[in-house]
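So, here come the structures, one by one.
In the two assemblies presented below, subunit A is common to both, partnered first by subunit B and then by subunit C.
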Partner chain A sequence: MRTSPVRNGIQTGTIFGIIMVMMFLIGFTVIGAELIGKILGNPSISGMPDLIYFVIFMILVGVWCGVSAAKRPLYGPDSVKDAVLAGLSAGAICGLCAAVTGFIFGSVAANHIDVRAYLVSVSPESISMFTFNQNPTLGALALFGVMTLSSFLSALVAVEVRTSQKIRTMIENTSGSISETVHSQRISDLLNNKYARYGFYLIVAIALIILPRTWGGYWNYVFGTVGIYIILGLGLNIITGWAGQLVIGYVAFFAIGAYTFALLTAPVPHNLLWNFWIALALGIVVAGISGLLIGLPILNLRGDYLAIVTLGFSEIIRILLKSDLLTTFTGGPRGVHDVGGPTLFGSSFNTDVDFMYIIIIAVLVVSFLAYRLQNSHTGKAWVAINLDETVARATGINAFVSKLLALALSAAIAGLAGALFASRNQFTGPDDHQLMVAINVICLVIVGGIGNIPGIFLGAFALKGLPEILREIENYRMLVFGILLIVMMRLRPEGFLPAKRPVLEKFTADQRSSTDPASHPGNLETNTPPGKGK
Partner chain B sequence: MLLSIENLQVYYGAIHALQGIHFSVEKGEIVALIGANGAGKSTTLNTISGILRPREGKISFDGQEIQQTPPQDIVRKGIIQVPEGRKIFGRMAVWENLEMGAYTQKDRAVIKRDVESVFDRFPRLRERRNQLSGTLSGGEQQMLAIARGLMAHPTLLLLDEPSMGLSPLLVEQIFDIIQDINEQGTSILLVEQNAQMALAIADRAYVLETGKIVMQGTGDDLLEDKSVIEAYLGGH
Partner chain C sequence: MENKSSPRFPLLLRVSRYIRPIVGVIIAIFLAWQLYSVIVVQHNFSADTWVRFGLSGLILGGMYALIAIGYTLVYGIMFMINFAHGEVMMLGAFGGYFMLELLRFIPMPTSANPNLNFLNAYPIVSIILAFTAGISVSALAGYLLEKIAYRPLRKAPRLILLITAIGASIFLQNLAMLLFGPTRKNVINPDILDRGAGWTWMVSGNPVLIPYTGVFSLVLSALLMIGLYLVVQRSKLGRAMRAVAQDKNTASLMGVDVDDVISKTFIISGVLAGAAGVMWDIHMGLVNHYIGFLPGIKAFTAAVMGGIGNIPGAMLGGMFLGIIESIGPAALGIDFQLKDVIAFSILVLVLIVRPSGILGEKLSEEKL
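What follows is the complex of A and B.
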């Protein structure tokens, strides 16, 4: 006997209902409405978003619920009725959950009881918005209606889209033509054309020179942070993305770079006042050496010891920096102030635009280095170790030395990022070096597409640039990280821009015209049936 | 003597996996090491490759003791292992796997030439040079694993159960290739559970049982030996 569609709908509806209630309890309904308002170009000024955006938010949840319910695979392509039934019951249950919640909280609020003592995010305003600014009974009915209706309609539409041959071919055609454009001869020719490429580089270069001058201080700060996180991502990617060794406490090397630089250039506590460039170089070197020292005892062990040891190391460093014990040496819990800025030919080079240039150049240098490493002998060895360490060793790779090199390079790059960070902020303190920084970097590498350089750029923009653009969600960043990661794992398990493996060999013209499907980039992973080759 | 093993003792913690084995491979020979699952065949090969360290015993290759030499240097001396279970780098293209096999060779032109000559031996792989090697069929993967081993120009090739999980026709093909490689001057230490095929192409063979060598002789002798027939050839 097959499960009935109603039962499935109830299941889906319960899940969505619980999510809905949770979102309300943590105040995410308000944030969601705010975000929608923002996307539609109407940022809330007075604090609470307009009711209409909340309605849109609820409808979106309902649509999602309905589509999910209709998508359960047990309905064949032609059982429209079953799917719609599932959508309807899912919406009803979800709506019921919302309605009950709305009614309870609405009644409580109507009696002037403030529940914020127990649930910090449930303000009277958010309750009122949740019940559509109506009395509890009406609000509950409205919630029920909106959820049921949107779920039902979206299930209907979803089934129609899925079953309609016309729409299906339309979707296939569009996605086909998009991928065709991406893979098309003309674009790849353009990319291979030397002059076109130089022209492209020139445009990018001009843009990078002009843009920082137009952004103004705030955006230079935001994009500077993004740049520093790109550097961190590229660095972590070497040891974790390529060599496959998880490093959790990556922030330790960031801290070492920052403090080395800060202590060498600040007036207090040592009054060394070294030159920016020399201190920067030393920050890189000291961080790199610390990576080497950490790796020496543990990298010939297998397993995730590196993750655990670096985690401990980063916490020890932060606690040491925070303790009064080392105040005379590291500035103690209050950190190091008046960290030196860059100079160029003896004169100061320290405006926000100047610093943006330095970060851009650092990003370019590190990316160039990463590209070179990726295609190098050593880069291949890292990937081989990642894929199978035993076999890699059997092919003559010195796994220990390769991993050690990867860790030292990663650490040195983190040192560079740390030094730049301290110099740009003209300050560094223990709280700059919390584990959260490292978690951020791991997230951006995973979200962008582990092992892939453009993916890291994208990840850094998504995780460090977007929150600035959507300032309000700052407090919910962990939540958004969580949601983003779950969605990522579901939709794109290898990241937004997954690393392309294998890298195709350069073709000569005659090879390209061959009929061998394996030589066509679009058919990378198809298995040629035996005897069908050239 | 190309390779000689004396009193080799290997432990996994408390497990005494190799309990003092002796054997040798002469230049130009195919030597088979047969034994049931868990007898210690892979352990033997991994110890020769330097991936495992023996607690006692001597391994000499070309007159030099190598039991303390790290794996990457053993590869450079000319001992190459093709690990069991077709361990190719599945997320690399066929040609990238071959390049990895030539890891010790820095000269790109030489690598290119070697890749082409390996493709001459395995035309099937040439057709699939850009394919993700994890998507190859089982037989193709085994060929790729052997081809990758050849990229390093081995003096002694260690093959760990190359016939594992392949259809009889493919097994025959693989063994033809092994003989062919041997005829071109590479000495071979062949580890197999498929005793029939292994003994048929081996000059000499050893039988390994729970960490000890219990029998040795020419391939033909062992093929006719009663106890071998009973234990390994599904004796009639």
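What follows is the complex of A and C.
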């Protein structure tokens, strides 16, 4: 029951060809070349990156295409021939797609027609780079050649690597020794050693005290944002990761916290000018109460309805904040300016370094809270509800009250994040509370590892920190998030750092049992990685 | 644990049991009072204004109904909220827009009018071509969406499907933004469907314009809905769809190819969304990457309002929502900026007070 390798290759090649064309149409070919230039240590200061980086980019795409085409027909009698054939045909089809696109746009550009009225990202420079600064025919031929050749060669190499006994044993040995090191008794001993742990904590604490002073305003801004998103992620994790209720409109509570804080401390529109800490506490409390009130009528709904209702709530709140109806009360579309900063013992405590400390402390407090909750009775009740609500009820858990508590806590934490965000920016407006904030948070929780606290840290750094460092991909961030969500759900729904406890049976049970009967979810012990169990 | 947690919040529990009826009654009283004060006491608007609102609501409702049917079909069969459905409609709108633009650039000079282009030389053909383009793009998008994103998750829990659908929605929206730019694009209709033209109807002494584009959209959406109803009720595919919606396993035992039926369901919902998208082009005249999001959520509201899984319910819900949305702000005496709040409030209220919708859900046992 083997499909023909050429057909296989044509399928892969079509997919990669479409990806290639799309990347060109959204202008990602230029950005990709720029990124490669940056990585290779030659940032182009102005204008277009060098052609050579674009060629490298194309070759990388070709290599990826060839490797993935060669992967599939590897297990058969003629595997080497098949795989190379697949790689060649994939490269040819992918190159054909690129060549046709290059030829069409090259001819268009040669006739001095600007297509940017319809396809904004296709600039003449990008076209000329796509065709290697040649005329359309030559450029198309070159594109075809580069793609086919790189795909063919990479398929050849991939097959060599896979089939050669020597390399295989080498890889196995290396990965074996790495996993041995990771799971070895010595490291787990070291982790369990009290003094080693205290030493580690001490190093982290010193680093957290010193770093904000030394790395300057820009990094304080970046990591402040990351910290606020960590807080948000930890909050959302309570209701979504542990209690298993997807709340899309999480940004509503963020907005409530931010606005409560801002209205209490800003001179306009109410001129209350409260103390930072009291306003912060009140922001948390108001957000928590709003979570309670919103949760009361809706938490009995089934999962996807709940998600949509919360989305409705958050949009209602955003539109109300943006409308003229509440201008006198909340500042309307212009938002609230001059939001108060923190004070300490009567003196101002408002530099970016000070604020970084406040965010760090808030992150630490919230993660401590989350750790304690995770191992508490309530936390276990949430997990039980997530796994199977009927069974949880049968064991005497009051599911409704538990979920309500989870939502209120989540909302309170979001309120804290919102208040900190408003205070740090000294401004809050309706556009700070777009749905995209909530979707960012959902993404980071899911990518990092839903239900797992270190995972959320990882997710926040990856999704909020990296785009700040890689400024070029700023425009593509949401696109990447969309792809990431789809791919993660398909390949690794439990995230990069999966939760150790069987929190995610609900997410993985069906898939695992359908693909791999050996690891049936009934056996929870198999989910615990060796050396990490309690 | 057994006996601890239930008496812990006895008051809260008792309150929560009565909260739905109480919320319902309070809102009903509030609405009645507002309606009374606006229509009877203040009397701001004369009859022709109300007719105008109702008309635009009806036209909008037709589009919502077409999109809502897509939600309902998919929910009925797969029990998932196809969050990306609004984006499918947006892609259809872009397909129609580009076809109209393309035809506008094809010169067709005649002796009487040297500046004539294809769009105005053959307007009916142009409109048919635009609809064909939009519908093909949407149907293809729906098909690919199902094949690439949803099919591998056929057995996954619904939350995973929902997150995937949100991912697909973000992806398509941003792809469209990066491809076509964030600016709004004006759609230029053929002259016979000029947006300002229409019949005038005298209501209480004032003229009310009934735009040709609106009538065109309304008639077309009605025809499509009748067509869909016939397909679902009469054709073999429709019977297979209903069988799969009722029980996938039994249907596959009876020889129905479940994967194929699901694929075709996505194609049908894509076709309807694409038609709605091109109608949006022709009637509203503005396209950008964001036009799918709000209509998508509103159409979902409509589908829930009619009872999700229920096709006549979705049609009724769409019409109803369109009318409420355009009459609502005036009738309740609130700002017109808040018309989206009305739609979202209806969404929230319907889900809280009566999650099974007006006509009731038609869903199989396995999903609840």
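Following the convention adopted for this analysis, the second predicted complex is superposed on the first by the 483 of 534 C-alpha atoms of A that agree within 3 Å, B and C clash if a C-alpha of one lies under 4 Å from a C-alpha of the other, contacts with A are read in each partner's own complex, and residues count from 1 in each chain.
The working rule: a contact is a pair of C-beta atoms (placed from the backbone, for glycine too) under 8 Å apart; a residue touches a chain by one contact, two chains touch by 3 or more.
What you see is a predicted model, and the numbers here were worked out from it, not measured in a lab.
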item	value
First, second, both or neither for A:His377, with subunit B first and subunit C second	both
Partner chain in contact with A:Ile26 - subunit B first, subunit C second, else both or neither	second
Subunit B versus subunit C, judged by how many residues of subunit A each one touches	C
Touching partner for A:Asp388 - first (subunit B), second (subunit C), both, neither	first
Touching partner for A:Leu296 - first (subunit B), second (subunit C), both, neither	second
First, second, both or neither for A:Gly482, with subunit B first and subunit C second	second
Partner chain(s) touched by A:Leu246 [first = subunit B, second = subunit C, both, neither]	second
Partner chain(s) touched by A:Ser348 [first = subunit B, second = subunit C, both, neither]	neither
Intersection of the subunit A residues that touch subunit B with those that touch subunit C	377, 381, 395-398
Subunit A residues touching subunit C - in the complex, by the definition given at the top	22, 25-27, 118-121, 244, 246, 248, 296-298, 301-305, 307-309, 311-313, 315-316, 319-320, 322-325, 377, 381, 395-398, 400-402, 404, 439, 442, 446, 475-476, 478-479, 481-486, 489-490, 493, 506-507, 509-511, 514
Subunit C to subunit A touching residues, read off their complex	1-6, 8-9, 12-13, 15-16, 19-20, 23, 80-81, 98, 101, 148-149, 152-153, 155-160, 162-164, 166-175, 178-181, 297, 300-301, 304, 334-335, 337-338, 340-341, 344-345, 347-348, 351-352, 355, 368
List of subunit A residues in touch with subunit B within their complex	377, 380-381, 383-384, 387-388, 390-398, 501-505, 516, 518-519, 524-528, 530, 533-534
In the complex with subunit A, residue positions of subunit B that touch it	46, 49, 51, 70-72, 75-76, 80-81, 83, 87-93, 95-96, 99-101, 103-104, 106, 124, 127-132, 135-137, 148, 152
